[in-house]
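These are the structures in question, set out in turn.
The following pair of complexes shares a single chain, chain A, combined with chain B in the former and chain C in the latter.
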Partner chain A sequence: MLPGEALRLTFVKLPGLSVPVETEVLLAQCGCEADVAGLYLCEGDDRFSLKLNLRHEAGECRSRQLFKGMASGNARALFDGRVYVAHGAQKTVALQENHSLLLDAAASVESRPQLEIYADDVECSHGATVGSLDAQQQFYMQSRGIPREEALRLQKISFLSPVLERLPESLVNEVVSRL
Partner chain B sequence: MQSAKNDIPVGTAAGSDYKEGFVTQVEQDFVPKGLSEEIIRTISARKGEPQWLLDFRLDAFRRWQKMTPPTWGHLELPEIDFQEIIYYAAPKRDEDRPTEIDPALMETFDKLGIPLHEREVLAGVKPKSNVAVDAVFDSVSVATTFRKTLSEKGIIFCSFSEAVREHPDLVRRYLASVVPAGDNFYAALNSAVFSDGSFCYIPKGVKCPMDLSSYFRINASGTGQFERTLIIADEASSLSYMEGCTAPMRDEHQLHAAVVEIIVEKDADVRYSTVQNWYPGDAQGRGGILNLVTKRGICRGEGSHLSWTQVETGSAITWKYPSTILKGDNSSSEFYSVAMTGHYQQADTGTKMIHLGRNTRSRIISKGISSGHSQNSYRGLVHIGAGAEGARNYSQCDSLLIGSDCGAHTFPVIRSANPAATVEHEATTSKISEQQLFYCNQRGIPPEDAVALIVGGYAREVLQRLPMEFAVEAQKLLSLSLEGAIG
Partner chain C sequence: MDNLLEIRNLHASVGDKEILKGIDLVIRRGEVHAVMGPNGAGKSTLSAVLTGRPDLVVTQGSILYDGRDLLAMQPEERAWAGIFLSFQYPVEIPGVSITAFMKAAVNARRRASGLEELKPAEFLRLLKEKMAFVGMKPDFASRAVNEGFSGGEKKRNEIFQMAMLDPQFAILDETDSGLDVDALKIVASGVNALRSPEKSAIVITHYKRLLDYIVPDVVHVLKDGRIVKTGDRSLVEQIDRQGYEGLDG
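What follows is the complex of A and B.
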């Protein structure tokens, strides 16, 4: 990328697809910005892996990653994301987040958020969580007359919404219809 | 610090910032260098071991021969010539008076501040310390203190060799039950050639009245240290265990490949603390200890608890992942770590939490500090098995960078196969902010003190988990390692 350029990238993986995805984003000039996000829905026997290598080769760049995944049935999902900050890439700001929902006992998820940093004047952080749908939220909605299935759907939509907001409406509808 | 005439400082350009860098001239008993079945038989024979232990060693050796060193660490390991190492070096025993410790040895441990004179401690000559120590010098354990007090409660605390002789059933039952002989390259090597170490057994329902401690020192040149520690906490017992280590300054690398196994039964509680201060090499990265260690504990019974606390400031290379297998329901484990690297040191350290039982809990707090040209990595695994209903983990791994030529890395792996489990991980990497420094400077705190203050605050969450005596030592070590790191 050239100085001052910005990249905004959003991945969507719908259920029923088993693929390994590998992507590299290179910030080679000062002052670039990369904003990468994605969601992956895994069902049945899906095997999905996402490998993302985000390389800060030049200073004063900013990057942000936000990935949300769901696994049900026998599905397996893997997120393997790396933030690499080269020696001398000062004033880098990098943020990485990966959140997964595990919906069935036979499903499994793996998350490998990684930071590899060779410059000191940086602000880098990452976070990862794995959990399931909150029972209290579920109870709250059901006690107000929202049927269980609908409540579950609402919870999933709210989990995905930070990524959904970035998508065109037609795609949002498609994602929501597959929940 | 007083210097005795039989201590020769070694190392050339190292300067004087490593105060444990002296060598003690003690008459040593060596086996020839190199590794072969014959050497293993010699070590075993010299220690008068039973056949089953020799078989265990030989089996491990045969496994080791088929293995290759792991390369996944974020480390540049120098090639180790395993035939160039002396696998057994023991201070010569005075056969006529086996109960007395060589005065030169005594002086070494005195100098390191390790109290072996229990009589003086009890009489109040030395500052009172309530710690029982097992001191391991090169390949053998030279002294274990307070054994009588402990044995009144049924606690066994002795050197590994003694345990093999006097409690063979216990050793045989538990040895390699947590770290199998073929677990990994360095553990297999240790299983084949381990020379001594500490053994500890706390019987049912006994709360250990004092902290137990192992102290390891490498002294002889060209040797490696391969000690083995086995700790068993029976039902509803509790124990606090500390481990410390130092070595002389030398231009060559020396290998330290230890294995620690901890078995925690139902409702027992074990706290294991380490302050690792092996010689880190000089400012140009020459010499230093290669610290390649396998530490693992198992929470076997319901409600058992194991806590790891480590302060790592030494070693040229650290490769160490104290891990816990949470097998019993409702068992819990914690890992608190401060890893500090400077000059050309490399550290790849972290933990593994293997959740198998229901409602198991774990917590990981890791603080890395790197300066100079050092590389400091956190590597961890949180594994939630399919049966770990309601398991919970929280991990936090922070890195602090001092200087623009060092590196700080975080490589966590989170695996979950149970929807009723919750795992959270977060990590940050940054340097000491200009604002914090400015704030301190403005109030008259000089830059070096300000950095020490900020680092102290940063590491506090871990340091306060250490037993008191250790915490003071660790704090001193940190500020010592920081000297010259900035400016």
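What follows is the complex of A and C.
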């Protein structure tokens, strides 16, 4: 990427697909920005892995990653996200988040966030959570008359919403119809 | 049948701790009952049992609502039958707008009653009318449910939802906590506008303040899982003067 350029990239993995995805983003000149996000929905026997290698080779670049995953049935999902900050890539800002919802006991999600930093004046963070649907939200919705199944669907939309907001309406509808 | 709600010898536990230790309470159509009592008395547990919160276990007793066995009903079935709880701590649902949330709630109840879903224009008309009723600004409809709301906004949102769903039996669980006087008046007028000879309510509160605006027909004092005293509204004044000490029946 060239100085001052910005990349905004969003991945969507629909249920029923087993694919490994590998991507590298290279911030090679000063002042670039990369905003990368994605959602992956895994069900049945889906096997999914996302390997993202985000390299800050030049200083004063910013990167942000937000990945949200859901797994049900016997599905397995892996997020393997590496942030590399080269020696001399000062004033780097790199944020990474990966959140997963585990919907069945037999499903599994794994998160492998890695930071590899060789510069000393940087701001880097990463966070990963794995959770299940929130019982309080569930009860709140049911108490308003929203049937259990529909309440579960709304909770999934709620969970995915920070990524859904980035998508065109037709793709949002496609994703929501598959929840 | 005059009785809308009949609670008989109700015992309920969370985990292995018994919280309600034998509640008897009958509410007739058209009546507003206040339930007062100190912290930890079991007031919120009572509201949770009535609405079917899954972490509570009823170990003894029965509840009849409109002649039906309430304890056999799912939380959403209770809502369809006209029960509404204004939560003490309303839950945030990021990414789900008030509009989407209420549309799901209103239409689910209509389907359960054998009615057609509201057409989008009809729904929006209802939404606007009820927003005006509780004094909500136009951007309210597109905000995510309770996300980033102030304490007062959350409580007003509960009353807004109550107005949208037009319940037959409303439970207000400390709806007055954290409200300033102006918000309290809005909430109270919202509740009072829904009073009718067919509808009933339980108002759970620590304080006299709310009951100055929503005047109850019957007042109960709950202490340590039991109703220790029942009276008319003069009991509110007595509690305000003396506190709960010495009110052991």
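Note that the second predicted complex is superposed on the first by the 179 of 179 C-alpha atoms of A that agree within 3 Å, B and C clash if a C-alpha of one lies under 4 Å from a C-alpha of the other, contacts with A are read in each partner's own complex, and residues count from 1 in each chain.
To be clear about the criterion, a contact is a pair of C-beta atoms (placed from the backbone, for glycine too) under 8 Å apart; a residue touches a chain by one contact, two chains touch by 3 or more.
Note that the structure is predicted; figures quoted are calculated from it, not measured.
By the document's definition of touching, neither partner reaches A:174: not chain B, not chain C. In the superposition on chain A, no contact is made by A:5 with either chain B or chain C. Of the two partner chains, neither chain B nor chain C is touched by A:22. Judged by the touch definition given at the top, the superposed model places A:162 against chain C, while chain B stays out of reach. More residues of chain A lie in contact with B than with the other chain of the pair chain B and chain C. Contacts of A:45 after superposition on the shared chain: neither chain B nor chain C is touched. After overlaying the two complexes on the shared chain, residue contacts for A:111 are found with chain B alone; chain C is out of touch.
Put simply, chain A uses no single residue to touch chain B in one complex and chain C in the other. Chain A meets chain C in the complex at residues 134-137, 139-148, 150-151, 154-155, 157-162, 164. Contacts from chain C toward chain A in the complex involve residues 51-55, 74-76, 78-80, 84-85, 87, 90-91, 93-96, 100-101, 104-106, 108-109, 112, 144, 161, 165.
On chain A, the positions that touch chain B within their shared complex are 87-88, 90, 100, 102-105, 107-132.
Considering their complex, residues 74, 384, 386, 399, 401-431 of chain B touch chain A.
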